[in-house]
Amino acid sequence: MTPARPWLRHWRDRWHAANSIQRRASQSAFFGWGIYLAMTVSLLIAAISVNNTLNFTEQNVLFVSRQPIFLPILINTIITSVYLAMVSTLAVSSERDQGTLETLLQGPVDGFAFILGNFMAQIKVYAALALVAFVWSNVLTYLLHLRYSIGVAVVLVVSLAAVSVVIAFGMFVAMWGGRSRTALIYFTLITLLVVGIQLADQIVVGVVISQNPSVNDPLVTVRNVLGVANGIVKWISPYSQLDLAMNAQVDRAYPAFFTHIGVMLGQAVVFLLGSVWLLERKGVRD
Amino acid sequence: MRPPQRLALLLSILISGLATAVVGHAQTEPREDVFVYATTVFDGLAYSSAMTPPDVDTIYMIADRQNIIAPRRTMIYYWPITNRYLADWALLNEVVDGELEIYQGSELARSVPLTDYVIQYDGANPLETLNIGIGEEALRMRAAFDELFEAYRQALFEYYDAEQAYRAALDEIISNSEPGTVDPEDLPVRPEPVGDFSLQSTEPNKAYPVSLPEGRYEILMRDSNGIVVPDSRRELVVFARLQSGIAYSIVPQSRWTQPEDSVFPEGVVYVEPGATLYLQPSRESLFNELYYTRMLDPQDQTAREDRTRWVLHDPFPNTRLRVTGFDGTVREVSLKGYFVQQTAGSGLGYEVLEFNPESMDRSSFEGFAVQLDGQNPFYRVELLDEAGRLLLGSRREIRILNTDRGAQVYALGLLPLVIGAVVAAVRRRQIRQVDTRTAG
Amino acid sequence: MIETRNLTRRFGRFKAVDDLSLRLEPGEIYALLGPNGAGKTTTISMILGTLTPTSGEVLIFGKRLAEDPFAIKRRIGVVAESQAFYPRMTAWEYLIFFAELYRAEDGAERAEHLLKQVELWDWRQGLIGQFSAGMRRKLGFVRGLLHSPEVLILDEPVANLDPYGILQVRAILQEERALGRAILISSHILSEVEQTVDRVGIISKGRLIIEDNMKNLRQLVGGQRRIEVELVELADGLVDFLEDLPFVTEVHADRTNLTVFTLEDRDYRSDLGRVLSEQGAIVQGMRAHEASLEEAFVTITEQHIRQWAGEMGHDAG
């Protein structure tokens, strides 16, 4: 590999290369069935959440909520972003496996342009999916007489930050894992670990609430330990950051809102730079 | 003994036995003589009491309000039914002497001596009349209360005497007169009954009155020799209200026992078409969930510091509810009482009627009635004060949710597949199938 | 245009390329030959910058790659041995992508021209995933030339091609050479290389053991010429007579066929023909046979292996 060099030089060439790669990769994504199936699945699952709300209202006559469409949007965001992250993991590691990465790097492309181009492609695809989600949410709002809110558009725009992290993380894992299957396993395990901690914390909190234990109960110690782990995960997990940003936006707590967006963007940058570093260190072949 | 009597006896023995077992169980839980802080804290509306046992290291209170921290020795025991340590005040309730030192960081913020205090309020309107007296004022307040109470007792005795005299006089007139011959003007005047004495007051007691600005502190007690009283160190978290607003408890007519709270300002209430709602507005305050919950229950382990909690306070008197429909129609609704009348006979069901004091004992609840007709998809409700001014934070939207559109919601989820099919068709037209036999 | 100076690459203790210096000039076709594992691909990777040299340097257009990697790489065309494609792209989309990447002027026109030359124009809207190996090889070739590079690096350019395809590629290479391109070829199909190259470098065990034009290589290997003669009848004593001739080094007879080895300094066919005629032999056919590139390659590398084995104290086998 070409030795490390100041990344600020040749930025025009790098940007051109990234753009070309982005166009190719996003076109490939749009022409495949994957994103449409993933989006359909996520909207159907989000629809279950919406229907639960409708059923609840029917049974209980009323339902009090600030933004009932937020949860379905969050569900949609999580599912599509995880799908895109896995796709980007596979796409990047497949380019290595099948040799197209070497072909690109033999040409006027460097690691930074390659990573950035693939990243931009997935973001572009997500932006298109977010547009579909926006249309879906607006049609739903009209159909069900929900309140229109600019907040939905804000959430979808902010979700770009969360999705950036997930996609950048997927690419980092791809560079770290090397082979497609290894990368996918790493990605799945780490995601399950993060989700597992959050789920365990919620379960234990639920148990604590139901049992109302005393201060010396061992369950409280378990809750506290998981709470610390979950507290760390909250700063790592882009979905937690997105949730916090959404709440801050509804509460009009704008400093917190922009802080959470900044955290997400910072995480994305770290993972992207890490991907480039790993690519330059490992080279195009195992 | 006949069978029913035998059964009654058996049941009474059983119930007594159980009750005794419970009480006895409490009595037999091991007691421990410990130092505790008994707190009387302002909870945003009134005052609440709590006990902080040795295992709890933090006391919470609201900022810039008079709160009471009382150092006591008592016998505590673990009550497994509620998973709480309870204090057996009847067994031991000893004031611990000393001075309370309040530190912020390493700096002594203030030193508070033990002081007399009383809490007084009028039971007819406790929220408006609650008052804490400290020091000399506490003794004065208690003395004034004692005087008032004594005057009430005197008035009561005089009334009883007057009532007795009246009855005696009435009996005499009746017994000495023929029926229908008594002139009403000759009848004695019945004495006016004395009203209830609704004032309440605690006895003067010794404690530390504490009112602090928001922040984190450490407290400890030092005895007259300057030695720190064992187990007296605690952290003290003084927190402020994060936000205030107006909340509504919403009682749906068809499920009146299951109201929902709308606490978020500018929130939305989604309802079934044709519903009738009764809105009960009240003041609300937003607090940190952990701080507020542990202020009232220091041993609680369920609350979380990263969450907030709306606390509903007193209702709004003298307000009207303005209801504006989507079509622009405006009406104003007054607060009324409502009575829930159960359906007679064996059938289930009830009817919500406007309260009529002449024919009904007391109202089941009060509220502003909002009937949602089929004309408008949504309504806006706001509270107006006596002068007709809008109360900030009282606005809510009530929207009629189309709950019968479930199938359409699912159908909408297939939109991406439709887009995908179009894209696939376009792509297929762009591509030429390769026949490698002829392609070379 | 391309120059390597004392280029070395180690993988641990193993030296894949050892002090290799070569130079590629405009308007020439240079073949880099060597047995498997000789270091050809490693050398090419270092030239292209996908592998860092342990020592030495590579200059392309007089500059190090790191000085201006994007601009330099835009002037290089690469056709690798193992071609990698995007199977769900059409050939046309694939070429336009690379034309854009390389900022090729008139990329579409050039793609059309090249596709027609290799007879893939009718299949430009086909998915690459459905292409045969030969079609992919051609497509890769077109991609390498799409941006009119000044330097072409080709690794096995005619593998998987039928004879007609090989002819097409050869024609294009000669066209490019005529335009002044510098072309570096690495290939195992020596007969094809022999027909197109100007210079040959033979690499073995990481070292460039020889570098010269075809004529000199043959001379180096052969030292003598071989003339195949077909007679009507082989008279007794003719072989002995021929062996006594001053320009003849060796004669082999096989019934009526003679293999006559002469000196290498010139073509002795006319002299031989006159002598045979004077001896009454009737010649049905005569053919001069030069040492092929394959023979040169095998001979040189075997010599190098023996020499290397001798240096290392091994049995060369």
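Going in written order, the chains are labelled A, B and C, and every chain counts its residues from 1.
Convention: a contact is a pair of C-beta atoms (placed from the backbone, for glycine too) under 8 Å apart; a residue touches a chain by one contact, two chains touch by 3 or more.
Source: prediction; values computed, not measured.
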item: Relative to chain B, chain with the most remote C-alpha centre; value: C
item: Closest chain to global C-alpha mean, per-chain Cα centroids; value: A
item: Pair joined by more contacting C-beta pairs (A-B or A-C); value: A-B
item: Centre distance in Å when chain B and chain C are each reduced to the mean of their C-alpha atoms; value: 93
item: Gap in Å, rounded to a whole number, between the CA centres of chain B and chain A; value: 42
item: Intercentroid distance (Cα basis), chain C paired with chain A, Å; value: 51
item: Chain A: positions in contact with at least two other chains; value: 31
item: Junction residues of chain B - those touching two or more other chains; value: none
item: Footprint of chain A on chain B - complex, ascending; value: 55-56, 78, 82-85, 250, 252, 254-255, 258, 260-262, 264, 267-272, 275, 277, 299-302, 304, 306, 377-378, 397, 399-403, 405-406, 408-410, 412-417, 419-420, 423-424, 427
item: Contact footprint of chain C on chain B as seen in their complex; value: 430-434, 436, 439-440
item: In the complex, chain C residues that touch chain B; value: 90, 119-120, 122-123, 125-127, 130-132, 134-135, 162, 164-165
item: Touch list for chain C against partner chain A, complex; value: 48-52, 65-66, 68-71, 73-74, 76, 78, 80, 82-86, 88-89, 93, 97-98, 100-103
item: Contact set on chain A toward chain C in their complex; value: 1-3, 5, 10, 13-14, 16-17, 20-21, 23-24, 27-28, 31-32, 98-100, 102-110, 283-284
